[in-house]
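We call the chains A, B, C and D, going by the order they appear; numbering starts again at 1 in every chain.
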Amino acid sequence: MKCDFHQHTVFSDGSVWPDIRVKEALMDGLDAISLTEHLEYQPHKADIPHPDRNRSFEIALKEAKDHDLLIVKGSEITRRMPPGHNNAIFISDANKLLVDDSVAVFREAKKQNAFIFWNHPNWTNQRKDGIATLTDMHRMLIKEKLLDGIEVVNDKTYSDEALRIALDNNLTIMGTSDIHGLIDWEFGVPKGGHRPITLVFSKEKTEASIQEALFNRRTVVFYKNLLIGRNEYLIPLIEQSIKIKTAKYTGNTQVLSVDIENSTNAEFSLLNKTVYTFHNSGELVTVKPGEIVNILIKTKERLPAITLLFEVISAINEPGKHPQITLRSAVTTN
Amino acid sequence: MKCDFHQHTVFSDGSVWPDIRVKEALMDGLDAISLTEHLEYQPHKADIPHPDRNRSFEIALKEAKDHDLLIVKGSEITRRMPPGHNNAIFISDANKLLVDDSVAVFREAKKQNAFIFWNHPNWTNQRKDGIATLTDMHRMLIKEKLLDGIEVVNDKTYSDEALRIALDNNLTIMGTSDIHGLIDWEFGVPKGGHRPITLVFSKEKTEASIQEALFNRRTVVFYKNLLIGRNEYLIPLIEQSIKIKTAKYTGNTQVLSVDIENSTNAEFSLLNKTVYTFHNSGELVTVKPGEIVNILIKTKERLPAITLLFEVISAINEPGKHPQITLRSAVTTN
Amino acid sequence: MKCDFHQHTVFSDGSVWPDIRVKEALMDGLDAISLTEHLEYQPHKADIPHPDRNRSFEIALKEAKDHDLLIVKGSEITRRMPPGHNNAIFISDANKLLVDDSVAVFREAKKQNAFIFWNHPNWTNQRKDGIATLTDMHRMLIKEKLLDGIEVVNDKTYSDEALRIALDNNLTIMGTSDIHGLIDWEFGVPKGGHRPITLVFSKEKTEASIQEALFNRRTVVFYKNLLIGRNEYLIPLIEQSIKIKTAKYTGNTQVLSVDIENSTNAEFSLLNKTVYTFHNSGELVTVKPGEIVNILIKTKERLPAITLLFEVISAINEPGKHPQITLRSAVTTN
Amino acid sequence: MKCDFHQHTVFSDGSVWPDIRVKEALMDGLDAISLTEHLEYQPHKADIPHPDRNRSFEIALKEAKDHDLLIVKGSEITRRMPPGHNNAIFISDANKLLVDDSVAVFREAKKQNAFIFWNHPNWTNQRKDGIATLTDMHRMLIKEKLLDGIEVVNDKTYSDEALRIALDNNLTIMGTSDIHGLIDWEFGVPKGGHRPITLVFSKEKTEASIQEALFNRRTVVFYKNLLIGRNEYLIPLIEQSIKIKTAKYTGNTQVLSVDIENSTNAEFSLLNKTVYTFHNSGELVTVKPGEIVNILIKTKERLPAITLLFEVISAINEPGKHPQITLRSAVTTN
């Protein structure tokens, strides 16, 4: 499930009516979105003095009704640091979150069974060094199960330190666009760019199923061609994305020709970790979206089957670390 | 100097008249080429029974006379393994190389002051496993100073093992197209591909200067976006190619904004090796040809100058190893 | 001056906040825009119950304050046919246009010195056959000088019949986007499309000067690569856009080589109307945006100067008719 | 059948071995080619002193043997004007055409049952004004049935006057590349260009059938997106190329929405010649290769079927004239 759970419209400080957010999501092939208006920050209030904080959700829901797109009700709890900004999604009533106390609002969201994540912990407006750092309040929120996830990617930023926090504290790894203007402009979509999204490994395309997967940390973030997540979801994802299509020996040689197919929209950068060297490239192999790349492998003898090991440097499983994938295939004899 | 010293025309087993090779070189912006017709393999002999083996060179020389392109006289000594195929370039008369004995021909070439390199030591026609391996005869040729270089790249192949041989035996690292058909077709030039070339670090654009540089091992090979060479030539080349254009702090933060400019036609893949993490990407940074990439660096305090370290994974200095570059810049205060 | 005087935002039935309209205009290089909210049609009223109909203008004005973009105050008078929808621009107060009577509102706009034009007279919601037809009320409005212009182009439609009405009744020829969603999506801008605009031939880049030019009918509409206007503005415009760059005889022949340069963003389709035939093409010549096209002209004798006549079939001066341009140049002797 | 019957290799004054011509033809999807070496002009004779003038053909035939490409034996009779250069194709032995007398060589070719056409009658080397003009000798050749066709297109030139000669003298309209270098370079194929070809309307893909079609004038030339030919072959060709895909009324209006599909690689420029005007464009409609273009037609009443008439200005049936096509379709009611 491709999800973007942090977005704004004219109902807080965004520049579009909710219908545009629905159309953008459909164009980008998303499965679920949430319009998370700021509860406490309402710069258009003079023009849009609506008393109901669920309004943005309702308009989007109506716009999406004939499409296969889930609209999740959510709000952005907008406070100074700590606890900074946090999104509560899968809530039932945004109006009830208009609570002064910074902790009480988390409890109210949880009463509504919300999934709550910490937004842009690396935001330079609240952390001048851009380095996500856990505060005592965040430790308390985590301990009391009031905080479930953390944005490792927000808009055009990625935080190694937020990833560290997610791994150390068993938080869900989140990536969102936090869009205020237009997705196409902000992320250069017409020129091949894409918004940051959270891939959620849910069993079904339902709100309940996505929520369950989020609570159980089953996510991978996709940001500027980079996949970020825990090995247990990241490695199977990549091994599903890149596959050996054919493997056969060329002529009467011991050089094995392997076609590797990338069935996704992401470009993968792979470093060879087998003992064999390649006949047509160095150890770095790049597989562009939708492309089939041919690798010639000097196996020294004719093997009945091939096992390739690659370090995927366009993926991150820990700060500064990359997952290793295994591709296996029988060898065709011609 | 961009050089391609292994090419064929109708005067051995190629498919074009020499003028096409000159035009291709001009289109590709090369500085020097050699048309190295096979001395012993002449499949078009029935149609082209020319007695003079310098003919191809002469036609090319005439075609190039109004252009800034050096045509180097050369021939391919075409034998079984060992010693396999070898190119002798900067010769004075190809006809005199029509010598039966496989070693005597090297001596004759050397008498003409040739620079000699071993072609495609990984060729599967002569090595079924594609693994370049030094034979006793090659050891002798090297010892007697009859062999100066080795193709680490030939056509669409790269050999880690040939690179090992070059480094262990102090041979010049060579890369050539070995073109028989059309450069555009073989290397997909209109779609952004390029032929393999040898970058020769000569003092001047003269034959003598290029020859001197080749004898002194001053080369880097450029193949499918990969730079292959010895650190002493490779690292300065990359540090000239990629430069810090500007470095300044954003707003009142400790996040340093650095613009890195790639002034070349190669795409560089860089891995961050500083202690600082990046605010807008993981450790992998890709800089496309001619592109300026912005990196936001979390330096924790405001630095007066910045030193960036990158492992260049799109370059090879030893089999399976990559050079590390250092980019330095003062920091502008705004 | 590139102008788009018919646009909507969330303040009537559009989907964006006014700042997006300003950004779109800047991206498209426009000189002046007007946000012409419907006075009588306010579907977002429940959410945006603003009493001031100038609000959209004010927000845009603030957004544009550091840019060289004129924001013209305007409103769409939204009535059944007749008189249908009409835009009043260069008004001083939109609120005063909230007048019930369909004619009285025109008088009020005129009291404010408005330029008024009839919107989409070909709109199939109001004319099932799509054929713009003058009603008695329109004749009266024209006669009483309450109607100044007519949209010959609206959104993705063009009307030959509206052009006829404009010419027969001395109305200003207008073309507008009538945008409600996003310009990029509606007109495929990233794929090379463009919004319809009105080119206004004003003396200065001021509101007063543009208004004067509109009152005096000095416009050409640019729509899907098509230029539509009166000969007196259309022909000089095209003759400024397409010019002979060089003209010289080839070798010792009587074949004149002429380079024609298109300095605009429009593609021109030209039919040769001279007595000479071309050596390298038939009579149809297409000059793409920014392109230089070479024409070889068989002049039979060596001429000291050349005069080329072309029918510009990508321009319209009357329904089903095209202007003829004249390109002149001295001939260089080499 | 896509044919190019005028090409050169190293066996006269071209720059490639015949195998390249075969590969180029396969890449361009041609059905038949002829390598028409100059009989009398042999600049590479010193290097290629072959006595057999069929040699080029034989090498190409061997190269093409596993492909579905017909190689037609031909030669270029290379004389001063008159009669200038003429190609004789479908000959049995080129050697026998080495005849001094300019008319006798035509008779010998005809004895071999050749199809003979006049090459580049507009060539400025032989006609300084570039204007194809029939000489007495040509009139005699035509009268004696020694000349069958004429190049209206050669390389990068088109001749209105040659088309006039073809029509007035019942000659076959021919278009050829007359390639000496590389097709890709000469005609910018990687950037979307194409070589000039002759479309031959033969019953089968055999030499005999193509020859029969040529003798019976069943050709259309395709040159820089321009189709040139007699109405009887040109109009059906275009009507096969451009078709109405769907036609239905929009909503409850009298505006008919028609999708026109261009199934070819040519771009068509069409001028509306029906009495109806269009709702979304002027009278000029451009249909790019492979594109579907939507036209909205104001039919005033709901028609059960639609007949569209277009003047195809990207096609030529006589000097300065364009064919008119008719597209018919039933109208779907929704």
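Keep this in mind: a residue touches a chain if its C-beta (ideal position, glycine included) is under 8 Å from a C-beta of that chain, and two chains touch if they have at least 3 such contacts.
Predicted model only: the values in this text are computed from it and were never measured.
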item: Chains contacting each of subunit B and subunit C, listed by label; value: A, D
item: Relative to subunit A, chain with the most remote C-alpha centre; value: D
item: Distance from subunit C to subunit A - Cα centre to Cα centre, in angstrom; value: 44
item: CA centroid of subunit A to CA centroid of subunit B, Å; value: 41
item: For subunit A, residues contacting two or more additional chains; value: none
item: Category of the chain touch graph - line, ring, star, complete, other; value: ring
item: Interchain contacts, given as pairs of chains that touch; value: A-B, A-C, B-D, C-D
item: Touching residues on subunit B, where the partner in the complex is subunit D; value: 10-11, 14-17, 19-20, 23, 44, 47-50, 55, 181-182, 184-185, 190-191
item: Subunit D residues within the subunit C interface of the complex; value: 122, 124, 128-131, 156-161, 224, 226, 228, 250-255, 269, 271, 277-284, 296, 298, 300, 313-314, 316, 319-320
